[in-house]
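Here the chain labels run A, B, C and D in written order, and each chain numbers its own residues starting at 1.
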Amino acid sequence: MSEGLPRYAYLGPAGTFTEAALRQVAPVGECVDLPVSDVSSAIEAVRTGDADFAVVAIESTVEGGVTATLDSLAGGDPLVIVREMLVPVQFTLAAAPFVRIEDVRRISAHPHAWVQCRRWLARHLPSVVHVPATSNTAPAALIAAGGAELPFDAALVPPAAVDSYGLVPLAVDVADNVSAQTRFVVVGHPGAVPPRTGADKTTLVVHLPDNEAGALLAMLEQFAVRGVNLSRIESRPIGDALGRYSFSLDAEGHITDERVGEAVMGLHRRCPYVRFLGSYPRADAVEPTVHVGTADTDFVGARTWLQALRSGTAT
Amino acid sequence: MSEGLPRYAYLGPAGTFTEAALRQVAPVGECVDLPVSDVSSAIEAVRTGDADFAVVAIESTVEGGVTATLDSLAGGDPLVIVREMLVPVQFTLAAAPFVRIEDVRRISAHPHAWVQCRRWLARHLPSVVHVPATSNTAPAALIAAGGAELPFDAALVPPAAVDSYGLVPLAVDVADNVSAQTRFVVVGHPGAVPPRTGADKTTLVVHLPDNEAGALLAMLEQFAVRGVNLSRIESRPIGDALGRYSFSLDAEGHITDERVGEAVMGLHRRCPYVRFLGSYPRADAVEPTVHVGTADTDFVGARTWLQALRSGTAT
Amino acid sequence: MSEGLPRYAYLGPAGTFTEAALRQVAPVGECVDLPVSDVSSAIEAVRTGDADFAVVAIESTVEGGVTATLDSLAGGDPLVIVREMLVPVQFTLAAAPFVRIEDVRRISAHPHAWVQCRRWLARHLPSVVHVPATSNTAPAALIAAGGAELPFDAALVPPAAVDSYGLVPLAVDVADNVSAQTRFVVVGHPGAVPPRTGADKTTLVVHLPDNEAGALLAMLEQFAVRGVNLSRIESRPIGDALGRYSFSLDAEGHITDERVGEAVMGLHRRCPYVRFLGSYPRADAVEPTVHVGTADTDFVGARTWLQALRSGTAT
Amino acid sequence: MSEGLPRYAYLGPAGTFTEAALRQVAPVGECVDLPVSDVSSAIEAVRTGDADFAVVAIESTVEGGVTATLDSLAGGDPLVIVREMLVPVQFTLAAAPFVRIEDVRRISAHPHAWVQCRRWLARHLPSVVHVPATSNTAPAALIAAGGAELPFDAALVPPAAVDSYGLVPLAVDVADNVSAQTRFVVVGHPGAVPPRTGADKTTLVVHLPDNEAGALLAMLEQFAVRGVNLSRIESRPIGDALGRYSFSLDAEGHITDERVGEAVMGLHRRCPYVRFLGSYPRADAVEPTVHVGTADTDFVGARTWLQALRSGTAT
């Protein structure tokens, strides 16, 4: 019985990197898996109530920010990130039983997978042809379904897909960047913020008051003057014209940290649009450097002192 | 005879948006067209000497920076941008003669095209299936080649591809964002910089000295203190780890502008890596705002004054 | 009966500019006048309880900050400024009856008065000799006391001293700078802060965290990021060594203004020493420019929003 | 014969602190001493050609900047500082022979001397009366001139004046601050700048473009962005109104340092008024911290690189 179990929408089917991320959060049997065909659909499933959470990729070491995720979260009904997970990105060249690597002429792969294995392919299989796939696991499913009519001989798939679909590995770890990883997040409805752990991250979307370099500088000063570091900053075109940008930011710290709270209030005062996308534990558990005068006790002490000044009771 | 004509590598074949961009620079007959299958190959063709120039997309209002272009230019042998062009992005739903729109069940489209027409499709053809294509024109070529065995009934293609391939339009202007456009650039070998027009842009790639928000602030101050505005800033992961970023920037002005030159020297002094990707006329011909004290004459006057101070001849 | 009337220590005796300032606050008969011989004694009288208030000069258009006042307030038992007054600074050349200007050879004057009338003296009485006085009114008192033995023939005195001491004016308005004025303040014990009028000033003393130019910049950013302008900034050596400075500041606004409060808390967190010297109405009644996003309602709105984010109730 | 010897105007007569400063530069017999009665006269003597140089106090640990010096240099015909010297500030209570300290009732002293010995006097001679003097040595001269009619019994004088005037010391080192010192400068005509020693200082006067806190911040950023530290900053009212300030600055480094030159050019471009008051060796011989990327070689390297970019020859 799955009744009462949390429902997770994710880029499926079984065997995807996203499923690997989902398994870090909710083992099989402890959740209802709701595989969907793209990131936007996963996020939308939470908005419509079809799912409780979505697990989506948000950034990769190779490709940078995941456009569809960033854009889906930046607009529409408010959602928040409640957790992040890191998944190593590797690929296996796999095929149906009895296929030999020297017979491979056509390889099915999602375009992103193809790009990430390009140097390996150029070296080992220089004359193969790319047959584009709609997802990393779609060709695995086609192989598993059998049939001699497939327009390809092998596929680049996530390691987990080899077993899921009963494939045979021809070569493992074929991605060019051996340390590549993707950051995934769990997205849910706004509500109680995950408690502060001391190694947290706060994600925000901010539009600048105008189109000048000075406005970006002023926005960054809202963080700097409170000693808040940024671990990620990405610009996205606002969409109506070239030259207008929205910034997606990860600030080190939790929304309940005094320094983060004051910085975020500063943004709210000065910028035309600020969206809070959640505070949640960092997957790497790295604690932020706290600069002199920016600990919570410093803020509380300053507030107590100010109140004494205002009431004329400072000593 | 094409001997002596400049050779342009571009994302082909005929009918692509990139070809539309190329035609703004070099009409048919005044250049040698070298269609290639992806942006990186186009840029590489210039590096190897197979082409004199590459025409590549660098930014779209919908998707933001074009990752492959930004990354190919940021590393490898130095190349520079010598010109930019804007191309409106629209799509036509087209098919072979005699296909009726009410019979369309499967549509072939590059994934980016599919995304940009999603709302139109949801409204008008809610039950169609996406058949991924490797490019915007690949399905047009398949239709043109004929054959009853095609796995799709119609395709989303650039307007120019309809005629190029003898298709029949079923619906025009089906992209969701009617003002969408893409910025293309011409990339060539370093050499004489295109002369200053007064409405120019300078493109740079910069790595920060360390991983702190303060470093980004310090980098932006190099521009602000000389009154140079930025019209674009994008972060790209450096690739070896999450959390390290390279910044791709467009500064308003020409490398021979005094204020731009001094800002760029400031970056060179303080940042571990700066790559100059060219100064070239802005496609929109918008002249920059020149702030008080930052015109060339101000810099020249200050230098003259400083020399007089140093030689003891100031009056 | 003067019982119960407020007692004001000031640089006396009658006829000084300081008395003119005192009269703006407390007409004759509504206070107890406590003339003392120097600024430090006036301030000390408040600390010892001999006076309720001190009226002291704090800044002049000609001389700048009044060192003794700034230093007396910066250290010792805490006192605060509760009001400021502007007094025009003019001098009258005066003497005993029957003295003719053409007979004047020696002029008694406080060194500061002498300096402020130097150009007039050079033009009209080029050969006179300066006989230094301990105060602006001391020579008037000596003339009034009579006696043929005075070592001077005339004196530079404040206009009010002419009548007070029964002198005869030989020339009026002899100060070189016709628009010269001095700013005076009323100093009292900390307690209820004067209510905000909308045109207020807040005076602070701040030591920097270290000896670098960057520290001054960081201190000023605490004001700038909250949109608080400074109307005065003066450095004073800390006294133990050349090169260490204390800054005396007037910020536009009242300590109960949200933006001023947050800036002052920022100083408290980051600087080794901050002393609040009071919030009080500006003598010139000029209201500050309130920059976008820095009105009290902006701060309150931001705080409400932050609380909603933290409690998960933001909509 | 003093012909051809440099002529130094200074605050005389013999025995003053200023003479002690002069002696560090020009021993007796190697210059022509031109004692004058005040700082402004000393500086004016250089402007009129009556002297080659002036030796004047510019800053004291106790009093801060010397107003008359700062103001005389900030306006009028251009002069420059060519050297600085530090002089410890101590006072001796001295009298004619046969005067006993227990008989001292009235002490002659320049007001500044009186202030600096106030605590010692309060402790040891609490009931003495202050008889103001026009200079630190004037009372010594009066004692030396003899006569029973002096209106005082003893005087606070610089140590050097005791011998110069044949006085008898009653108490030595009576200044309250034992580490007090005064910084003196040699002022001369603009001309060849003293060569760079590696431990230099550059003095400037700067007016801000407007009356805002942001303008001071922007001015300081001109230094910060080039890594130039300030060792002194003082504001002086511009004189026409309260609230308009001129800034007097000492920057670490020499005008021929690349980083100083570029910062000074930045001021020239952005500020309505900049006056160069000289580059000269620091009396304390402390070398500045050179921040990453701000050495001369960094500037020269950046310039070479920029020229290569502009000419299209960068590799």
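To be clear about the criterion, a contact is a pair of C-beta atoms (placed from the backbone, for glycine too) under 8 Å apart; a residue touches a chain by one contact, two chains touch by 3 or more.
The model shown is predicted, which means the values in this text are computed figures rather than measured ones.
Participant: Which chains, if any, touch chain A and chain B both?
Facilitator: The common neighbours do not exist; no chain touches both.
Participant: Using the contact definition stated above, find the chains touching both chain C and chain D.
Facilitator: none
Participant: Quick check: how many Å separate the C-alpha centres of chain B and chain C?
Facilitator: Chain B and chain C have C-alpha centres separated by 61 Å.
Participant: Out of chain C, which residues touch more than one other chain, so two or more?
Facilitator: Counting only residues that touch two or more other chains, chain C contributes 221, 224.
Participant: Where do chains touch, given as pairs?
Facilitator: Every touching chain pair, ordered by label, is A-B, A-C, B-D, C-D.
Participant: Over in the complex, which chain A residues touch chain B? Could you list them?
Facilitator: Going through chain A, the ones touching chain B are 59-64, 67-68, 86, 111, 115, 130, 132-134, 177, 179, 181, 183, 211-214, 216-217, 220-221, 223-224, 228-237, 239-243, 245.
Participant: Quick check on the complex: what are the chain D residues that touch chain B?
Facilitator: 78, 190-193, 209, 218, 221-222, 224-226, 255-256, 261-262, 264-266, 268-270, 276, 292-294, 298-299, 301-303, 305-306, 309-312, 314-315
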